[in-house]
Amino acid sequence: MEKFLCVQDFYEAAKSKLTKDSNGSWEYFEGIPDEGWALDQNRKAFKRYVIRPRILRDVSAINLTTTILGIPASIPIGVAPTSKQALFHPDGECGVARAAGRSGAIYVLSTLATASIEEVAAAAPKTRLWFQLYYQKDIEVNKDLLIRAEKSGYEAVVLTVDCQIPANRLGFKRKPWKLPEMQEQQVPEDMDPSMDWNVVKWIREQTKMKLILKGILTGEDAKLAVEHGVDAIIVSNHGGRQLDSVMPAIDVLPEVVASTKSSNVEVYLDGGITLGSDVFKALALGAKMVFIGRTALAGLTVGGEQGAAKVLEILTNELDKTMALAGVTDLGSNISSKFIQNYKPFLSSDY
Amino acid sequence: MEKFLCVQDFYEAAKSKLTKDSNGSWEYFEGIPDEGWALDQNRKAFKRYVIRPRILRDVSAINLTTTILGIPASIPIGVAPTSKQALFHPDGECGVARAAGRSGAIYVLSTLATASIEEVAAAAPKTRLWFQLYYQKDIEVNKDLLIRAEKSGYEAVVLTVDCQIPANRLGFKRKPWKLPEMQEQQVPEDMDPSMDWNVVKWIREQTKMKLILKGILTGEDAKLAVEHGVDAIIVSNHGGRQLDSVMPAIDVLPEVVASTKSSNVEVYLDGGITLGSDVFKALALGAKMVFIGRTALAGLTVGGEQGAAKVLEILTNELDKTMALAGVTDLGSNISSKFIQNYKPFLSSDY
Amino acid sequence: MEKFLCVQDFYEAAKSKLTKDSNGSWEYFEGIPDEGWALDQNRKAFKRYVIRPRILRDVSAINLTTTILGIPASIPIGVAPTSKQALFHPDGECGVARAAGRSGAIYVLSTLATASIEEVAAAAPKTRLWFQLYYQKDIEVNKDLLIRAEKSGYEAVVLTVDCQIPANRLGFKRKPWKLPEMQEQQVPEDMDPSMDWNVVKWIREQTKMKLILKGILTGEDAKLAVEHGVDAIIVSNHGGRQLDSVMPAIDVLPEVVASTKSSNVEVYLDGGITLGSDVFKALALGAKMVFIGRTALAGLTVGGEQGAAKVLEILTNELDKTMALAGVTDLGSNISSKFIQNYKPFLSSDY
Amino acid sequence: MEKFLCVQDFYEAAKSKLTKDSNGSWEYFEGIPDEGWALDQNRKAFKRYVIRPRILRDVSAINLTTTILGIPASIPIGVAPTSKQALFHPDGECGVARAAGRSGAIYVLSTLATASIEEVAAAAPKTRLWFQLYYQKDIEVNKDLLIRAEKSGYEAVVLTVDCQIPANRLGFKRKPWKLPEMQEQQVPEDMDPSMDWNVVKWIREQTKMKLILKGILTGEDAKLAVEHGVDAIIVSNHGGRQLDSVMPAIDVLPEVVASTKSSNVEVYLDGGITLGSDVFKALALGAKMVFIGRTALAGLTVGGEQGAAKVLEILTNELDKTMALAGVTDLGSNISSKFIQNYKPFLSSDY
């Protein structure tokens, strides 16, 4: 894996490997509805924010630590919940969770994992674990999942709020995914389309884990989330896998940050991160942490646990370099939107 | 037709089939003047409006019904008038009209149809039918058409106002269309270039059918239409088949909606619809219904009546999903421009 | 020439023919300095102005006549001065001048023509002729040209003001042009780089011909031109053949029109016209007439006098259709900037 | 070298030659971090500024002279410091310095040169020389360099402030550079990441050479530079070789010029210059001089000293022509931002 120098290297190798599979793993990896516009835009949108670097500051020591939900974290990068990780590599969820732990990244386990809550907890004892909940029609399933997660030491429940119905993912229909033998999905896909804000209250009553909403794309909903007492919000368009015609995640971030400013709710960003400078931009625009989904899976696909760890290492190093070159030494008040400039010129190659 | 999963699938198959024909059917299907700019822009313009989805709303029941001209309609999608449908499939107008009826869509029969007013009415007794009028030089022809349409149960006359002279469609000259034997055009192409607002008054005197103007592209003309007591307006640039250098239809919609706000005139949108999310955007921006032209013809071309029905089914399902994922359950006041954000970044593919 | 249906058809055929020549005729035709940016932009810029068509107006009679410098003209299109026309077809200047006359277009003869002032006047007795002056270092040459032009019935002198030094046209250096035997250039290229506003006064003293400045690209210079009593201004960037990094001609037009509003100075547009709708847009933005340069030469190259006439016929027909479809019947106060909307779709307001 | 007519010709030939080398010279030449966005944008950004040419001004004599740091200079173009010039041609730094002198351009010698301070001074006695300092961890190295430069007649020290840590240049890792035998780098790469504004004060105490900061990208830092009494600022993003996601240099220029307006600090621009019109634009926007880096190296690569001289000659001639065609005769108050217009339309071919 020595020749993998950037996230793009992993993406290319992952695509090359998965498109050769007969089990629909590439279609699942990509997972785009309609035209894949949101996925594409998630990445492009970062180009419209440029960094204003400051000079002649002592950058001999760069500090990437932060606190997330009151607990110190060594990097401001987490691994987003993604389902069926065994589709991409036998290491699956356990491998990625261990890789996250080695980097100091939080790992969010999906409801639709191919390893159980307890297996992952046992496999990655040093990793900060959160549990992502797809609220199911059968309330007993939800209860059971919350109890098991809390008991297994998961710190928080991440309720996904942008997935009450399945999206129109054509790739799945053209080439359905098929899990490898011996590795089954733990929970059936049976989300409750009637889920509303009462579910937030209900979860609060069921568990002492922190409560995070994932999939907010408007300031209005961010305000409602604050009023409902959640601990954090993940700005996300589900990696462009749900509604295709929505704003890129990074473009929504400022609106959500503004809407939650007077609260203690932390805001994280998910979607489109492929460079350390992307992480920097999200943090400068007010995110406390970013999440990577496909980016981590590209590492998993290429090299299992080692690959996922390498991807996190690359992003961390790139973030470190970006901070040094921007004249920023730590992630506190030191970094702010003063380091960002909107940049929306004409960029086509065919002037 | 199982493998046709989206409108784009139908377009590709239709193009592949028609370009093999020797009868100019593809040139007629495309029908672009000058450089085909307006057709291209009609579609691209939708990308500049993104949806602001709301979360944690009960979306277990989505209601697509609406009322059109005071009568309930099961979906807010109609089939626009397009001429010579027998060029594309023997099912022709009768087939598309039946397909519309199966989906609950209104069907608008063109003056330049290859089936008669009476034949279509007989073939599609359960379909809501409107009749499109190209106002002819010979006033007796106009009278006869109006009488026959009203007598056959057509609800409304749709007067096309952007086609007083034929456009500069080069494809027709390079490869003239030729109708299949046994299927002739009912009415010659002999539009009256002197048509003005007096024609609107004259039609009112001839018939009790509702009166709709199709082809308005300015707020000024929308106001005049209201003053002349029309029942509805179709914002349209004739699918990019007339004047090539005009605004995309969706971009004009807000201006027309604003100009008619204080009236009861309904506003519909025609042009560029290829996804359920396009329908959603038009409705959110104030359209009561949208029309599909080439999109329906792509279905007709590929699979006759079944193909047209399948296209309507796909759009309906996509609209249903879009509403659910946007947190919208019905088409009343529930849906508004608050769900839309202008998005005008750099969109070229080559960052 | 039956299969030539639009200007683009002529361009393609002309390029195909000239690039096969060994005499540098294509390089001369194209004639771009630096990167050819201005030429490319001259054409693209028209796409950013769209037409707002008005409906239900009697368009059975379209009137393309206008008055230019007080004399009736049958179309608002002229042929711009371009040099060495014999490079492209033996018909040369005489052929194009005759073609212009057949269409009712004004023809501007270049100083650097391959036919003499008198030859062209004799060959095209029914054509309105203007004479373009490259002000030469040798003042006697200038005097002689003015006297001969006036004597030969040329109505106006068009002083080119954007060409005091030759531009950096790399194509000429890579493949120098070579005129056909027997057809020589009348006047050597020996422009006076010290030319200033005194030259305008001097010309006024030498001749009773009308005086027009060609090559103005700022409102400031348009005002100076008015103050110096010129009769008309041609907004032009020399077809993108001089300074490469300048505004497209159509984008400068509104500024120049505004600067000359309170005067009687007529404003014409030169640069980028390839469609009848381009002509319409320029007229709606305030030009009294447009000029075509390479567009006419493409016709000349393909078919000599007949080709040039065909190009003018196509543009005239396209303009006629555009007016009808826009609801405009004549070129007086009937046409105005109300018919134009800026269309800069990918330009958000917060650039 | 007769057939090299523009900078682009040199770039193409240089790329063709270097990509055949096995010593990583192309990778070093290009030197892009991440995605090479900043390099690409540096060049494209110039297209968004167009020139407003003025007419009928006597341009028979164009004067390109200026004063730089109080001393007359024959052209407003300098050669930026770039390291390891022997990688591209045996003439190396000495050759480029001599070429600069022939054109009247200032030459800035890099700390990381493959020729010594004294060798270059001896080889190019007629060239105005400046010395670029990468502030090293070992303070004695810095002292030694400053003493030697001053003693050798270098006029100024150019402190690079955007390079405290090495950037993430993937090309170097994929294909490491290897200097030709017998030509070694003079100073090891051991920059001090703790460098801050105290270094500016320290340099002032060490030398009487003028002090220039290279790599400022914000108005805030420009103000600090003024407060610290520097003599000049070079606006630069290190040719897109350091932080990849920053503003193009030309886009930052106006902000820096505004921030230093009330001082005597001169502002220069570095980055993206490939045409004489680029030089003109930078000067009109307030730069006193521009620097070329890769552009000079392209000349060096193709033709050694002669090639570098030819590149400077081409740019000088292009600037001369641009000034004449813009109606500007000298570089004093004669040239200003009135000659520039922002031009930010949507121009992609896929409207």
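Which chain is which? They are A, B, C and D, in the order written, and residues in each are numbered from 1.
One rule holds in what follows: contacts are C-beta pairs under 8 Å (C-beta built on N, C-alpha and C of every residue); 3 or more make two chains touch, one makes a residue touch a chain.
Keep in mind the model is a prediction, meaning the values are calculated, not measured.
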| item | value |
| --- | --- |
| Superposing rotation of chain A relative to chain B, computed on C-alpha atoms, to nearest 5° | 90 |
| Numbering shared by both copies at the chain C-chain B contact, with half separating same from different | different |
| Gap in Å, rounded to a whole number, between the CA centres of chain D and chain A | 41 |
| Mean-CA-position distance for chain C and chain A (Å) | 58 |
| Shared interface positions of chain D, touching two or more other chains | 47, 344-348, 351 |
| Chain A-touching residues of chain D, taken from the complex the two chains share | 34-35, 37, 41, 44-45, 47-48, 161-162, 164-165, 167-168, 170, 173-174, 192-197, 199-200, 213, 215-218, 220-221, 224, 242-247, 251, 344-349 |
| Chain C residues within the chain B interface of the complex | 3, 5-6, 46-47, 49-60, 275-277, 281, 317-318, 321-322, 324-326, 341, 343, 345-348 |
